[in-house]
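Input: structures, listed below.
You will see two complexes here that share chain A, one where it goes with chain B and one where it goes with chain C.
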Partner chain A sequence: MQSVRPYLAAFRTRFQLMLQYRAAALAGFATQCWWGAIRIMVFAAFYGVHAAAAPISLADAITYIWLGQALLALLPWLADPEIGQAVRTGGVGYDRLRPLDAYGFWYARTLGWMLARAVPRAVLMLLAAGIVLPLVGLGAWAWRPPSGMAAALLFLPAFVLMTALAAAVLMLANIVVAASLNERGVNAVLTPLVIVFSGSLLPLDFFPDALRPFLHVQPFAGLVDIPFRIYFADLGGGAALQGLALQAGWTVVLVGLGRLAMERMMRRLEMQGG
Partner chain B sequence: MLQILVEALAKTYRVAERAPGLAGAVRGLVRRRWREVHALVDVSFSLEAGELLAFIGPNGAGKSTTVKILSGILRPTSGRVEVGGLVPYEDRVRHVARIGVVFGQRSQLWWDLPVLDGFDLLADIYRVDPAHYRRRRDELVAMLRLEPLLGQPVRQLSLGQRMRAEFAAALLHDPAILFLDEPTIGLDAPSKLAVRAFVRRLNREQGVTVLITTHDMHDVEALAERVIVIGQGRLLADGPFESLRASVLAERRLYIDFAGPAPELEIRGVTVRTRTERSLELAFDPAVIATPKLIAAIATQHAVEDIHVDEPAIEEVITRFYDLHDAREA
Partner chain C sequence: MNALALYGRYVVISLRAQAQYPAATLLLTVGHCAATAIEILGVFALFDRFGPIGGWSFGEAALFYALVNIMFSIADLLTRGFEVFGADFVRTGAFDRVLLRPRAAALQLAGHEVRLSRLGRLLQALAVLILASRLVPIDWDAAAVATAVWAVAGGVALFVGILVLQATLAFWTVESLEVVNVLTYGGVQAAQYPLNIYPAWFRRLLTFGLPLACVAYYPVLAILKRPDPLGAPDWLLPLAPLAGFAFLALSFLAWRAGIARYASTGS
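The block that comes next holds the complex of A and B.
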C-alpha cells in the first residue's frame, strides 16, 4: 500500500481538481451532442443508400457514435497541458525532487486528468442519448446497452485497457512536449493520427479492405475500435480475447517505450537560468 | 560528519547560437552553430553536517547550477559529488527523499489547492507516516504562523505568505539537508526577517544542514558563518564572512555636515567621495589615519554640525570583490 500511495494521491488530486471545471464539462457535452447528432445523420444518409455495403448495422453504428462521443475525452489526442506548463515554468525541476518513479508519477497525473474530463461528459451523454432519447420516442437513434451479458462483462476489461493504453500514448506525447518545450507540434500530429486510426472518426471496418489487416493490429485500434466492437458483440469469444490481448500488448510496449524515452529526456534535461 | 563533498565539479552547457535578424535565423536553419557555456569550472568544497553555508555570486555565476546538481536535478559534466554518501544524480530517488529544496522563484505547492491539501499530498508523495506527519506539520505551522492560511488556495497567497508555506512544504518529510535557492528574492523586509529567523532556528535547534544561495548580503550577514563566493563558474573564495569583508575592504567612510560651506581638505590617506555645498563624504583607511585623529583634525579646523563614521555597504564590498576577480556577468 505504501508503495502506491504517492501515485494514488497524485491521481486523486488531479482528478478532483479537474472535476471542478463544470462549465468545461457542460460545454464539452454540448459540443459532443451536436457532433454526435450530425454524424448520426451522415450515417443514416449513407445507410439509406448503401445499407448492404455497410459492415455493421445502423443501430450498432449509432451506438458506436454515442459511445465515441461520450468517451471522447479518453482519447489521447491532446498532450497533458500540465506537462507543457511544468516545462515552461520549471516545475519539472520539482518533479525531479520527488522520491518517485518519474514515469509513474506523470502517468498517474495524466490518468487523473483524462478520467476527470471523461467521467462527467460520459455520464451526461449516457443520460441524454441512453435514457432521454428512448423516453421521448426517439429510441431508434438512442445509445443502446451492450449486446448481452458476455459483451457487457468483456467491455469492462476492454474499457480499463483502453484507458491504460490511452494514458500510455499520452505519456509519449507528454515526453515529446517536455523535450521540445512546446505542445503545438505534438498535438498537430497526434490529433489526426488518433482520430483516424483509433476508429473514432469512422469504424475501422469502413476503411478499404486492403488497409484492414494493418488497421486492426496497430496500437490505436485498442483505443476505440476494439472496445466498442466488444461492446456490441461484433467481437465476441476468442476474437474479443484477441482484442484484449492486443490492447494489453500495445499498452506494455508503449509504456516501455515511454519509460525509455523519459529516461533519455531526463538525462538531457537542462534547467534554464542562473 | 561530512555531509556534502564536491570535487572538481564542472558543468558545460551547449547552446545553439545564431546571428540576430532574419538572415541569421535562415542561416541557423541550415547550419547550426553551437557554443559551449562553462557554467561551472573545477568547483570543490565540502560541508559538515549542521553547517550553514551561503553561496553568493553575481547573476549567472553558477550558484543555481550547483544547487541543481547537489539536489539531483542536473547531472554534472565531470567531477565528483556526494551528499550524505550518495551520488545525487545516480541514486536520485533515495537521495531526494532526504533533502528539502526551496527555489525562491518557483513554487512546489499546487496553485489551485488549499495549502493544507498541498501538504497532505506531499506527505503522501514522501510516504510520511500519518501520525508523524501531523506532528511535524503542526510544528511547522506554528513556527511559520501558517494557521490562518491553511484553507486558502496557494494562488491567493501573497509572496511572503507563499514562501512561508513553501518552507513548510520542503520540510514535512524531515530532511537532513535543506537547499535554499534565493529564498528571500522579492520579499518585503518583515518577510525576509521571518525567513532568516526561521532558517537560523532550523539550523541551530534542529541541526538541519543548510546551503543557501542569495544576492541579499543581509541574508549572508544574518545567517552564514561561512561563505563561498562564486563567479563565472569558478570558486573565488571560501571562508568566514568577516574575513572576506576584511580582506576586500578595510576602508571606512566619514560623513560630515558643516555649519558653513564645505571646505577643501588635504589630508593624507583620505579621499573625497562626494561633495555638496555643506557636506562631504570621505573615504579613508584607518591603518593610515586613525578615525579619532581624522575627526579631531577636521573638527578643530572647521565648524562641524554633524559627523558619523560608517563601513561601506555590503553590496559594495561584494561588487568590489567581483571586480577584483573580474567576475561580473558579461
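The block that comes next holds the complex of A and C.
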C-alpha cells in the first residue's frame, strides 16, 4: 500500500494557501450573514401564517439556515478552478509524472481547497449567529447547539461524510472540466442542481410531498439535508444511521465513477500550452 | 458622433465578439437562466406548503419576483464596466486611458462588455411574468403597462446606482468590493417577496435606505389596483419609482467626487 504522506502534503499546502485569502473570507461572511437574515425573515413570516404546515420547527429551520450559510463553501457547486487552469496551461503534465494515484492526488487538493474556504467562514458565522446573537438578546434567531449528545455524536460522521461526498461530486466536475478545458459550462449545470437538490435552497421536506421519496434518496441529499437534520435530531436513531449509510453509499459510488472517468479522460488527454 | 451612437457602437462590438462563439454564448445564457430560475422554485415551494401570506398568493408574489429580476437583469447588462471597475480599471491603471478619451468615463464603462448571457435572467423573469399573469387576474390596461414600464425604469436606475456606488468605492479601496453583492443580489432576493411580510426595521431600510420597495412593492400594488396594507396613500404608489432615479443621481454625485480625487496607481 502506498504511503498517505504525499496526499496529506497536497491537502495541507492547498489548505494553507487558501487560508491566506482573508479579505475574501470576510466578504463571504458578510454576504452570508445578510443572506441568512433575509432567509430567516422570510421563513419567520411563513411560519407566522401557518406553522402547522411546516415539517420542522422554526428554531430548527433557523439553525438549518445558519448551518447552511456557515458551510456554504463546502457545497460542490463550482469546479476547482486550479484544475481547469492546470489543463489549459499544460501544468497537468507534471501531475501525470508524479508516482501517485492521480485521482487521490486531485481529491486531496480539492478537499484542501474546499475546507480552507469553509473553515474561517464557519468559525465567524458560529461566533456571530451562535454566540453574539443570543448575547444581544436575539436568542430566538440564533444558531443553536446540536439537539443532545446523540445528535452531536452522529453529526461528526455526518459532517465527515458530507465533506467526502462533496469532494467526490467536485471530482466528477473537475474531470469534465479537464476533458472540456473550460469550467464555465460545468458550473452552469452543477450550480443549480446542487443548490436545489442538496437542500441548500430549502430543506428538502419543504418541497411538495409527492417528491419526497425521490428527494431523500438522491446523492445530493447527503450534502446538506441529511447532515443538518441529524444535527437537530430530526433524523435520529435508525433514520440517522440510514442517512449516514446513504451518504457513505453515494460517496463510494461517486468516487468509483470518478476513478473510471478519470482513467478514460487521462488516456485521451492532450497536452496544452508549451 | 453623439453619445448614443457611440454607445451603440460599443454594444455592436461586444455582440460581434460574442457571436464568434455562438455555442458558448448560447450555453452560458441557458446556464444563467437555469441558475437564476431556481429561486422561483423556492418561492413556489414555500407558498405551496404554507398557503397565502400577508394577503398575497403565489401568483401575486411571482409578479414581484418577475419585475425585480427584469430590473436587475437589464441593469446587470448595462454595468459590467462598473462591476469590474476596481479590479480591471483602477488597479491596472487602465482608467487613465479612459480619462484621456474626450468622452464621459461613465459612458465608456457602460459600454464595456455587454454580456448576452445576462439575458438568461431576463428570459426566466419574463416567463415568470407570463405565469403570474395567468395565475392572477391582472388587468393589463394602459395604466398598468405604463406603471410596470415606469417601475422597471426606476428599478434599473436603482440597481445601476448601486453598481456605480460599488465602482466609486474602488477609488478608495483600489479593488472591487464584492460585499456590494449584498445590495444587488441580496436586494433581488429581498425584493422578490412582498414588503409587508418583513419586520418594520427591514421595511424601513428597503423604503428609505435602499429604496427597493419604491420600485417593486408600491408599483405592483398600483398594477394590481390594491390599496397598501401598510397604509401608504394610493396617489403615492405610481410615483414611488422616482426614488430609483434619485438614488442614481446621488450615486453619480459620489462618482464625480471619486473621479475628482482619483490618483493613478501608476502602472
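Please note the rule applied: the second predicted complex is superposed on the first by the 269 of 274 C-alpha atoms of A that agree within 3 Å, B and C clash if a C-alpha of one lies under 4 Å from a C-alpha of the other, contacts with A are read in each partner's own complex, and residues count from 1 in each chain.
Operating definition for what follows: a contact is a pair of C-beta atoms (placed from the backbone, for glycine too) under 8 Å apart; a residue touches a chain by one contact, two chains touch by 3 or more.
Quick caveat: nothing in here was measured; it's all calculated off a predicted structure.
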**First, second, both or neither for A:A45, with chain B first and chain C second** = second
**Prompt:** Is A:G185 touching the first partner chain B, the second partner chain C, both, or neither of them?
**Reply:** second
**Message:** Contacts for A:L126 in the overlay, against chain B (first) and chain C (second): which applies, first, second, both or neither?
**Reply:** neither
**Request:** For A:T31, select first, second, both or neither according to whether it touches chain B, chain C, the two together, or no partner.
**Result:** second
**Message:** One more residue to check, A:L58. First (chain B), second (chain C), both or neither?
**Reply:** neither
**Asked** In the superposed arrangement, does A:L202 touch chain B (first), chain C (second), both or neither?
**Response** second
**Complete:** In the complex, the residues of chain B that touch chain A are 13, 59-61, 63-65, 68, 71-75, 92-94, 96-97, 99, 101, 103, 105-108, 110, 112-113, 117, 120-121, 124-127, 182
**Prompt:** For chain A, which residues are in contact with chain B within the complex?
**Reply:** 2, 5-6, 8-10, 13, 17, 20, 89-91, 93-94, 96-101, 267, 269-271, 273-274
**Item:** Residue numbers on chain A that touch chain C, as the complex places them
**Value:** 24, 27, 30-31, 34-35, 38, 41-42, 45-47, 49-50, 53-54, 184-185, 187-189, 191-192, 195-196, 201-202, 206-208
**Item:** In the complex, chain C residues that touch chain A
**Value:** 24, 27-28, 30-32, 34-35, 37-39, 41-42, 45-46, 48-54, 177-179, 181-182, 186, 189-190, 193, 197-199, 202
